[in-house]
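In what comes next, chain A is part of two complexes: it sits with chain B in the first one and with chain C in the second one.
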Partner chain A sequence: MSRTLFEKIWDSHIVVDEGGRSLLYVDRHLIHEVTSPQAFEGLRINSRKVRRPDLTFATMDHNVPTSDRSLPILDQISSTQIKTLEKNCKEFGITLFDINSPNQGIVHVIGPELGITLPGTTIVCGDSHTSTHGAFGALAFGIGTSDVEHVLATQCILMEKPKTFEIKIQGKRKNPHAITAKDIILSIIRKIGTAGGTGTVIEYRGEAISELTMEQRMTICNMSIEAGARAGLIAPDEKTFQYLKGRKYVPENYDECVDNWRENLTTDRSAKFDKSFTLSAESIVPQVSWGTNPAMTSDVTGSIPFAEEYGKGNPEEEKGVTKALQYMDLKSGTLITDIAIDRVFIGSCTNARLEDLIEASKVVKGKKVSPKVRAMVVPGSQLVKKNAEMMGLDKIFKDAGFEWRESGCSMCLGMNPDILAKGERCASTSNRNFEGRQGAGGRTHLVSPVMAAAAAIYGHFVDVRELDLN
Partner chain B sequence: MKPFQKIKSIATPLDKVNVDTDQIVPKQFLKLIQRTGFGQFLFYDWRFEREGTPIKNFILNDPKYANSKILLARDNFGCGSSREHAVWALDDYGFKVLVSTSFADIFYNNCFKNGILPIQVSVDVLQKLFSTKSEIEVDLEEQTIKADNISVSFHIEPHWKKILLEGLDDIALTLQHEAEIVKYERSHKI
Partner chain C sequence: MKGSVIKYERDNIDTDVILPGPYLKIHDYAELATHAMEGLDKDFHKRVKPGDFIVAGKNFGCGSSREHAPIALSYSGIKAVLALSFARIFYRNAVDGAFLLPIEIDESAYKDISDTDSLEVDVSKNEIKNLTKNKIYKMKPFPELIGKIIEAGGLFNYKP
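Right, the complex of A and B next:
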């Protein structure tokens, strides 16, 4: 019987089949300091061990400071959480990329970078953006802390089989430097809604997806959760195999694995998806979110909508928009390009890889950050930071007036000292514009790295298609 | 986990759509390393001014709902971050039943792991529950919700029903499959 890529990966990981529900084997378990302490505590209370420490990898990313790493961490509670992870990894024999490791970074940036992420595998982590790893044709999803404990103890996860959702992006983007992977995924979420993918695993297909680089594909899969999907997948191809080749944790018989992946990891031609959605790449332009969830997004050429127009007769949605605009302090009808900003954040598991920084640096080179704006770049990992510095990107950003910081989740969720003050407005390359996400009372606009960089220079949003990005 | 009992309580009507877990527990409270004590942080930024004074018109601050065990909310409740702290906060605050037209996947799963019953109902049923003035009775055994203006049954996966009713430890259940796990590990490399 013909199957989708998701179904093939699912089937090959079933340990026990209980009808619609299966006990699935987990190939890679990634952990971090915020969602793991209670799981380890649970193991200790029940005298349980970590079943496969060799398949478990840890790093600290969510609340680490991005300032000078040689200084002690001032926040005592953050420091305790970080020390707890160190202690737990030592006690249970788990590989940890600690705060001083050259491999430290956001867990979803370092997984692929180290070759821990592999096609056809199952990957879980106590973080919803685990969907990022789907860019490699891995079935990867976020789990809660109780499930982290379950996976630590059993290396398995009990799950109901999600439905399959095909999202096809046809044709090519008109200007690939200005219209990025971020604009594709924001356009998708805007169309299908924040619950459009609930209960499904999305497979992204079509010409516009195939032409993306691996790092761009990660941006797409990363935000699958913002459409409510459990996971996002892209079938692996030669770009995938080339990207992973020679990385630290790939299997010794790598070429043999590639042959196997090439042969098996595709959706069969006659396979049926439960749901389908198609979008033309040519219709996509740079996107800017204006509200308090990622579906509340507009073309850069557009304006802030009116509640009735956006809600389309749904009173709940209308109320949601009114409340969002109140929180964001925006008036219906205002042009997106007239919105002035106070802060710029280039970072997060969505958009802080090397290519993101290269693209953003092209906008910034030889220019100055607007005097009204405070802007920062937080590389996704120490390796990204090192590679960027070797290319001189740090100098470009610093000369323009950006802060150049150490790696971590930083102001994507503001668990460390990098936060917005009440009322500050930020152009951010992260993934969530929820109320207070980047700091209580802070206002977030989700954009691509080039859009964020341009906003830093001009002090307001600009259509990056009008800039020279080559 | 404590076995789930029949619940009869006034319901707190949270009239909001797309309530994300960042609102349920803001990130500044995720740094604790225990599972307990999160109730005080529930909906913190909606419940309190910055200096900690309760915001009067927020529904949880209405004394009428002080002992409520049932929370009603609009579509897509629990979206966003996978933080289980959101469920720990709801539980610690006293909510044992959540009713909405839909829940986000990870959040929905997290509820069962902590003895909380999330019930998915139609728009019409939710509307009736929002407008009832009486207490609402939730019987998991019978899979029914009753109030003065409504009496309906709800769907729940038999597996989750059993886990909740008996307060089972799902890790212990999985460990009963040790032989199958070992067999799988022998045949599956990577």
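Right, the complex of A and C next:
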């Protein structure tokens, strides 16, 4: 019987099947300081061990400061959370990339970077953006702390089988430097909505997906959760195998693995998806979110919508827009390019990998950040930071007036000191524009790294297609 | 289960407003509860009483996988959230940890139920009684597996 890629990975991980609901084996379990402490506590109370410490990897990313690492952490509660993870990893024999490790970074950046993320595997982590790893053809999803404890104890997870959802992006982007993977995924969410993928695993397909680099594919899969999907997948190809080759944790028989992946990890030609959605890449232009969820997004050439126009006769939608615009302090009809910003954040598991920083640096090179703007770059990992510094990107950003910081989740979720003040407006390369996400009363506009960089220079949004990005 | 309604006429109530990021460092559940819904309703913790229900629109709990969100609601006294639909990780966390019941209701029940109404929820009959308005609504029955996990008192007590 012909099967989709998702079905193949699902079937090959079933430990027990009870007609559609299965106990699945977990190949990789990634953990961090925020969603793991109670799980370890639970293990201790019940005198349980970690079943496969060799398949479990830990780092600290959510609350770590992005300032000088040689200084002590001032926030006592954060410091305790970090020490607790150190203690737990030591006690249970888990590999930890701690705050001083050259491999520390955002869990979804370091997984692929270290070759922990592999095609055809199942990966879980107590973080919703675990969907990122789907870019390698891994079935990867976020779980809560109870499930973290369950996986630590059993290396298995109980799941109802999700439906399959094909998202096809046909054709090619007109200007790949200006129209990025971020613009593709924001366009998708804008069309299918924040619950458009609920109960499904998305497989992204089509020419515009194939032509993306691995880092760009990660940006796409990362935001699958913003469409409500359980996971997002892209079939692995030669780019995937090339990216992973030689990385620290890939299997010793790597070439054999590749042969196997090449042969098996595709959706069969005649396989059927439960649901399908198609978008033309040629229709996509740079995107800017204006509201308080990622579906509330506009073309950079557009303007802030009127509630009636956006709601299309649905009073609940209209109310949603009115509330969002109130929170965002925006008036309907205002051109996107007329929106002035106070802060710029280039960072997060969505857009803080090396290519993101390279692309953003092209906009910044030889220019100055607008005097009205405070801008920062927070590399996704210490390795990204090191590689960027070897290329001189740090100098380009610093010369322009950007802050160049240590890696972590930082202002994406406002757990560490990097937050927006009340009323501040930020062009952010992160994934969520929820109310208060980047700081109580802060206002977030989701954009690509090049759009964020341009906003830093000009002090307002600009259409990056008009800039020379080559 | 009997209690009164705290209604938010909103879709997409996300985990960042249910329990804002800065409080993810807190390990004490009672303290977490004092910050429940803070991103949306600063007075929630003053208003909520043990046994209360939240009524809300579509895609409740979207966003982060933080179990702190259902925990904060649970420890502030919320026994069930009645919504048009739920984001899946929130739904799963609520059931796994036996923190609260995520109950799906239909559009007519959502519109009919008002803030401060008294409700009685009977899961065995899939029924919600509005004691204030003297009406009965149907809730969407829990899928078989979810029902069993709820009955067992969470994932760790569930034995297949």
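Everything below uses one rule, namely that the second predicted complex is superposed on the first by the 470 of 470 C-alpha atoms of A that agree within 3 Å, B and C clash if a C-alpha of one lies under 4 Å from a C-alpha of the other, contacts with A are read in each partner's own complex, and residues count from 1 in each chain.
Assume a residue touches a chain if its C-beta (ideal position, glycine included) is under 8 Å from a C-beta of that chain, and two chains touch if they have at least 3 such contacts.
Computed from a prediction, not measured in an experiment: that's the story for all the values here.
Considered on the superposed chain A, chain B and chain C are sterically incompatible, since they clash.
In the superposition on chain A, A:D27 makes contact with chain B only, while chain C stays out of contact range. Looking at the shared chain after the overlay, A:D127 reaches both chain B and chain C. In the superposed model, B is the one of chain B and chain C that contacts more residues of chain A. By the touch criterion defined above, A:T194 lies against chain B and chain C together after alignment on the C-alpha atoms of chain A. In the superposed model, A:G144 makes contact with both chain B and chain C. Of the two partner chains, both chain B and chain C are touched by A:R230.
Note: residues 16, 18, 21, 34-35, 37-38, 62-63, 75, 77-78, 80-81, 126-128, 142-147, 149-150, 158, 160, 194-195, 198-199, 225, 228, 230, 293, 316, 319-320, 323, 413-415, 432, 434-437, 440 of chain A belong to the chain B contact set and to the chain C contact set alike, using the contact criterion stated above. Every residue of chain B that touches chain A in the complex is listed here, in rising order: 15-18, 20, 22-23, 26-28, 30-35, 45, 50, 74-76, 79-85, 87, 102, 104-107, 109-110, 113-114, 157, 159, 169-171, 174-175, 177, 180-181, 184-185, 188, 190. Interface of chain A with chain C (complex): residues 16, 18, 21, 34-35, 37-38, 42, 62-63, 75, 77-78, 80-81, 126-128, 130, 142-147, 149-150, 158, 160, 194-195, 198-199, 225, 228, 230, 292-293, 316, 319-320, 323, 413-415, 419, 432, 434-437, 440.
Remark: chain A residues 12-13, 15-16, 18, 21, 23, 25, 27, 34-35, 37-38, 41, 46, 48, 62-63, 75, 77-78, 80-81, 84, 118, 120-121, 126-128, 141-147, 149-150, 153-156, 158, 160, 162, 194-195, 198-199, 225-226, 228, 230, 251, 257, 293, 316-317, 319-320, 323, 413-415, 422, 432, 434-437, 440 touch chain B in the complex. Against chain A, the residues of chain C that register as touching in their complex are 9-12, 14, 16-17, 20-22, 24-27, 39-40, 57-59, 62-67, 70, 85, 87-89, 92-93, 96-97, 143, 145, 154-156, 160.
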